[in-house]
Amino acid sequence: MPELTYLEAISDGLREEMRHDESVFCLGQDIGSFGGAFKVTEGLADEFGADRMWDTPLAESAIVGAAVGAAVEGMRPIAEMQFADFIACGFDQLVNVAAKMHYRQGLAVPLVVRLPSGGGFSGGPFHSQNPEAWFLQAPGLKVVAPSTPEDAKGLLASAVRDPNPVLYLEHKHLYRRLRGEVAKGRYETPLGEVRVARPGSDLTLVAYGAMVHTALEAVEDLDGARVEVLDLRTLCPLDREGILGSVRKTGKVVVLHEATRSCGVGAEVCALIAEEAFEDLDGPVVRVTAPDVPIPFSPPLESAVLPQVDQVREACRELLEY
Amino acid sequence: MATPTTRPAQLEPQEAATAELTVDDRGELLRYMLLMRATEERALNLYRQGQVPGSYYDGRGQEAVSVGSAFALGPRDRACILHRDLGAHLIRGVTPGRVLAQMMGRLGGVTDGRDGNMHFGDRHLGCVGMVSMLPDMAPVACGLALAFQMRREQRVAMTWFGDGSTANGQWHEAMNVAGIRQLPVVFVLENNQFAYSTPNELEFVRDPVERAAAYGFEGVKVDGNDVEAVFAAAAAACDRARAGGGPTLIQAETMRMHGHGAHDDMSYVPPELFERWANRDPIELFERRLGAEGIETKSIHIAVEDELERETAWALAQPMPDPATATEGVFATEDPVLGDGHAPWSRWAPRAKEGPHA
Amino acid sequence: MPELTYLEAISDGLREEMRHDESVFCLGQDIGSFGGAFKVTEGLADEFGADRMWDTPLAESAIVGAAVGAAVEGMRPIAEMQFADFIACGFDQLVNVAAKMHYRQGLAVPLVVRLPSGGGFSGGPFHSQNPEAWFLQAPGLKVVAPSTPEDAKGLLASAVRDPNPVLYLEHKHLYRRLRGEVAKGRYETPLGEVRVARPGSDLTLVAYGAMVHTALEAVEDLDGARVEVLDLRTLCPLDREGILGSVRKTGKVVVLHEATRSCGVGAEVCALIAEEAFEDLDGPVVRVTAPDVPIPFSPPLESAVLPQVDQVREACRELLEY
Amino acid sequence: MATPTTRPAQLEPQEAATAELTVDDRGELLRYMLLMRATEERALNLYRQGQVPGSYYDGRGQEAVSVGSAFALGPRDRACILHRDLGAHLIRGVTPGRVLAQMMGRLGGVTDGRDGNMHFGDRHLGCVGMVSMLPDMAPVACGLALAFQMRREQRVAMTWFGDGSTANGQWHEAMNVAGIRQLPVVFVLENNQFAYSTPNELEFVRDPVERAAAYGFEGVKVDGNDVEAVFAAAAAACDRARAGGGPTLIQAETMRMHGHGAHDDMSYVPPELFERWANRDPIELFERRLGAEGIETKSIHIAVEDELERETAWALAQPMPDPATATEGVFATEDPVLGDGHAPWSRWAPRAKEGPHA
C-alpha cells in the first residue's frame, strides 16, 4: 500500500469519488485551478473540469445553500470552507435548511462540507477553531473527524455516499505532518464506529482528530499503564456502545479535545458516561480541552491554550492513581 | 383551438410573445386562483374554530402572483414555494385536502404533522419545502438550477420571496451567484408592500428589481394582480432560462390583503392604501376581463366549491400523527426523492378530459 | 409590589433601562410602532421615538453587526431576534465579531440580543428552538435565561449594564402564562448566580427557563422526597459553585432542559458534576431533555419531544430509588 | 501657503472641490505610502527569517488606497481597517514598530500577541480591528455610524473591503441598511482584481460600484493607484456623510502586486496584467507628479528609512507574551474604550513642527 500524507489521502479520496460518480462535484473558494488554500484539490480541475470544481465567490451561505439544492436534485456536492471557521457564515443553511430537511419532508440531502479545522500553527482566533460541537446541537447533521490518512480517505467516501449532510473535519495540522498507508481505489470507513487506536484496560482515553496523536504520544509510556485510546472518528452519531464498552472495561476515562471546553463534544461524552456507565466508574470523568477562550496567535499563548502532551499525561496519571 | 391572449400590459413585446394561453388555460388560471382563495378561507375558518394549531398565514390578495408564475412551469421544473404562494402548490398537484390537513397538523398533510403552516413542499411533486428563515430558498433554488446546468438539462428552478427578504444577505448571495453562473432560475419577488408591519420605505431605498441589472441579468416589473401579466413574465423568464439565457428577477407589485398572520389586525396599513388595492382584487380583475371577452366562469366557481367541500371532509377525517413516531426520520437512509410536478398549462400537457382537477 | 406577566416584566425592564440611560436603544424587526411580534416592545416607540426603536429590515447579520458597532462607540443596543431561531442568520457576527472582540483587542461590546425561544405552542421546527448551547462553544458571550418575571426584569438590567455581549433567552411560552411580583424601578439580578427555586436535600434538579416550572410541578409531591430545584438563570458563565454545592449536599442530580440533548447545556452541567463532584455522587447523572430531533409542529408530536412533567417526575423517582 | 491640487481625474468636479491639500499634506501622503511599503517589506523579511509566525499578508501596490482614503478622516472619526490597508493604521497613529511586533506575536504589538497579521485595530486610536470573516466590518461600521447619527455628531465611519467581499451577504446587508438610514459611513472597495486566486469575472458580473445607486447612495469609481484621486473621493464622501448626505461607495481600481499571502506565487495572474500595473506603481506615479511640480521628496525617503530602522529595533526588543496570561480577558469588566485617532491632514491639525512622525 502506498504511503500518503493525510492531505494526499483526502485528495485521493476526492479523486476516487469524482471518478466513481459523475454526480460528485466540488464547490468552494479557490478550489479550482488554484487547488484550494491548502492544495487539497490540486489537479482535480485539470482532471474534472472547472464545472465540477466550481471556484465560487466569497459567499458561504450561497455555497452551502447551492449544495443543498444540488443535493436534493441528485448531485453529491462537496463544499469546502476555506477554513472551518467560516462555517459560521454558512451556518443557517446547514442547521436550518440541510439539517431539518429529511425530518420535515423526507427529502435526503447528500452533501459534504469539508472543514479544515484546528490550530497549532499560529492561525489565530479565526483560523484555528474547531466548530464541531455546534452541529451536535442541530439534529440532522452528521459529523466526522478522521485522525489518520486511512480514515481520512475512507470516511470521506462514506460521507459522500451517505444520504445526509455530513460535516467532514480535516485537521490542518495533520495535512503534511502525518503519513500512513492508504489503500488504492475506493473503500469506505463506516460512519458511527469508534476505532481502538491503542488497546488497553486501565483507563480509556477518548479523542478524535489531531488529538488522537497527542493522546497516543501521552500514553506511550505511562509507567507501564495500559491505556486504551479510542478514536471517535464519527462525532455524530456517537458510537455510544463503542465508548461505553471501553469504559465498562477500564472504569476510568479521560476525554480529550482541542475545541473549547463548555458544551464541547467532550461534555457530551462525559455526560453519556456519567449517565450510562456510572456503576462502572472508578473515578471522576476527566476532560482535557482548550479552555473557554479564543485561540490566540502568538506561539507561547497558543500552546498555553491548546492541550499539550504533558497535560494529557498528567491527567491520565492522576486518574490512574485515583 | 388555441386562442392567444391579448398581450399583457407592462411587458416588453418579445417577452410576452412566447406565452400562449388557450381559453382552457385561462379557465385554469381562474380556477387555481379561486381554489387558493377558497382553501385559504376554509383554513382560516378552521383556525378560528381551533382546528389549526400555532399561527396561520395566507396569501389573500396575492393569488395572481403564485398562480400566474407557477403555471409557466413544466413537470420536470422544480419549485421552492414560499408562504404566500398556496396557488403554486395547488398547480404542482398538492390537493386542497392535504393543505388543510397540513395546517391542522394531521397525517395526510404534506409533512404529516412534522411541520405546519405553509412550511411544506411535496417532494414527489418537484417541490423543496421552504424553511422559515427568509429567503433561504433562494440559494437552494440556485443549487437546483446548478444541477440542471451541470447536467445540461433544459429545466428551470423557480422560487418566490417577499419584499422584506430582499434585505437579507442570502438574497444577495443567491442573486450574485445566479448572475455569475447564468443559472436557469426564476426569482419571483412578491412586493406586497410590507414585511410584517414594516413598509417598503424601511426595507429599501429603490425597488429591488433595479438591482438585477447590476447582478447581470434581467429584472422585470409586473402588475402582480394581473394573473396573465405575471404568467407572461414567468413564461418568458422560463423560456430564457431554458434557452441558456440565465436568471430573471420578476418583481410583482401586489398587496397583502390580510394581516401578516391571522393574529395581525393590520392597524399599521393606511386605509387608503388598502382601499386602492381592494379595488384591484386579482380574481375580480381577471373575471371581469374574461367576462368582457364573453368567457363563462360560473361552472368553475361551482366546481371549486364542490371540490373544497370534499377536500375539507377528507382533511377532517385524517388522524393526528402517532406520538411514537416523533423521533423517527431525523436521518435519511435513502437517496433524495424528488419527483415531477403537475404542469397544467396546455403547452406541457394535453388538457385532461376528466375535469379540471389534474 | 405589582403583579406582572413575564412579558410585562421584560417590557418594564426595557422601559426602565431606556429611561435610565439615553445610550440604550432597541433594534429589530417590527419592534417600533408595531411593538414587536409578541408585543414586548409595545408603547416604547411612543415614549422613546422611532430612532431609539429601530424597525430594521430583515437582516440579522446587519442587526447584530450594527449593534456591535454602536456598542463599541458607547451605545447600549438591545437587538431583538423575532424568534430565537433566527439567530442562526446573525451567528457569525456574534461568535466571531462580538465574542472575540475583548480578548483580541480589549474593546468591550456591551450589547444584548433578546431571543424569544422555546416551544410548546406548535411553533414547529423554526419557531421553537433553544439555541443557547451554541454560545457556550463561543467564548466571550454571556447567556442568561430567566424563568420568573422578577428575574426577567432583573437579568435584563444586568445584561444591559454588563460590558459584554449577552444573549437573553426569553421563553415565549411563559410570556403571558406566568405572573409574579416585580419590583418597580430599576434593580439588577446578578449574572452568574443560580437561584434555589425550591430547597431540598435528597436530589438536585437543575433547570432553567420554562423548564424550571416543569421541574417544580414534577417534584411538588414526589412521595415526600425533598428535591432541590436549581434555576441556573445564567448559562454562561455557569455558577459552578452553586451547582456543585447543591450536588455535594444531595448526591443525586437530574438535569433538565428543553433544548435537544447532544452537547446541550445539560451535557456541560453533567460533565462538570462528573468531574468535580464524583465523590459525592450517589447515582448516575441523569438528563431529561428533548431528544436529538427538530421540534415538530403537530401537538402530539411536539409533546412527545418536549420534556413533560411526568417524564421529569419519573426520572427523579428512579434516581431517588437508586 | 495652501496649494490646491489639480483636480484628480475620474471624479465629478463638485466632489473634488472640498479637498484641499497643502504641499506638506502631499508630502505626508507620500510619506505614509513609503512608510507602509517599507514596513511591509521589513515584515516580509522578518517572515522569511522565521520571525513572523503563521501566514503573512500585505498590501503591496495598494498603498494609495488606504493612505489616500484614511488621510481624509478626522480624529473623532472611526475606522475599521482591512488586511491590505496598513497605511490607514499608520495614519491613525499606529507606529511601524507596533505593527512589526504585532506580526511577530510580541508584546507591544497592537494585540499583544492575541491576534496576528493585519487582524488588529488600536482602540485608543479610534479603530475597531477587523475579523477574518469578510466583510464583517461593514455592518460594524454601520453601527458606528448609527451611533454618530443617533447622537447627532458630525462624525464618519470608514471601512475598507475587497472585490471578493462584495459577493458576501453581509456586504449587502450593510449597504442596504446604510442606504435606508443614510448613515454617515464611507465604504472603500479596493478592487485589486482578485480575491485570493479568484478573478473578478468569477466574483460578479458588473462592477459592484453600480449597485450603490440601487441601494440609494453615491457610488464613485477612482483610480486606486492615484493617491490624490482616492483622497479627493474620500474627502468628498466624508464631507457628504458629515453633512447628513449619507453613505458613499468608492470603488478604487488597483492591483494586488504580491500574492494573497507570502506563500502564494500568483501563478494565476496573467503576466500582461501584472506588467500593466507594475508600470503604474502608486508611489512612483505620485513621486513623478510631485517631481514634475518641483517638489523635493528625498528627505522623506531618508526620514522613513531612519524611522524604520529605529522601529524595527524596537519591535525586535519586545518580549513574547507570558503564557500565563493566555486565558485572561475573555470578558470585559469595563465599558468600551475607543479613543480618537491621529488626523494628519492640515484641515484637522496644524502641521506638527517636530517632524513628520505625528
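Just a few scattered comments:
As written, the chains take the letters A, B, C and D, and residue 1 is the first residue of each chain.
As a convention for this text, a contact is a pair of C-beta atoms (placed from the backbone, for glycine too) under 8 Å apart; a residue touches a chain by one contact, two chains touch by 3 or more.
Only a predicted model underlies this, so the values are computations on that prediction, with no experimental measurement involved.
Considering the contact criterion stated above, the chains in touch with chain A and with chain B alike are C, D. Ranked by how far their CA centres sit from the centre of chain C, the chains are topped by D. In this assembly, the C-alpha centroid of chain C lies 41 Å from the C-alpha centroid of chain D. Inter-chain spacing, taken between the CA centroids of chain A and chain D, is 38 Å.
For the pair chain B and chain D, the distance between mean C-alpha positions equals 47 Å. Shared contact sites, meaning residues of chain D that touch two or more other chains, fall at 111, 114-115, 119, 131-133, 167-170, 173, 176-177, 180, 202-204, 330.
Multi-chain contact residues of chain A (touching two or more other chains) are listed as 56-57, 59, 61-62, 85, 88-89, 92, 96, 100, 103-104, 125-126, 139-140, 292-294, 296.
Across the interface of their complex, chain B is touched by residues 25, 51-52, 54, 56-57, 59, 61-62, 64-75, 77, 92-93, 96-97, 100-110, 139-140, 142, 163-164, 237 of chain A. Considering their complex, residues 53-55, 105-106, 111, 113-117, 119, 131-134, 164-165, 167-170, 195-198, 202-204, 268, 320-327, 330 of chain D touch chain A. Residue ranges of chain D in contact with chain B, taken from their complex: 167-173, 176-177, 179-180, 201-206, 208, 210-211, 213-217. Those residues of chain B that touch chain A in the complex are listed here as 78, 110-111, 114-115, 119-123, 128-129, 131-133, 136, 138-148, 150, 157, 169-170, 173-174, 176-177, 180-181, 329-338. Considering their complex, residues 85, 88-89, 91-92, 95-96, 99-100, 103-104, 125-126, 131, 133-134, 136-137, 139-140, 236, 238, 259-260, 262-268, 270-271, 273-276, 278-279, 281, 283-287, 292-294, 296 of chain A touch chain C.
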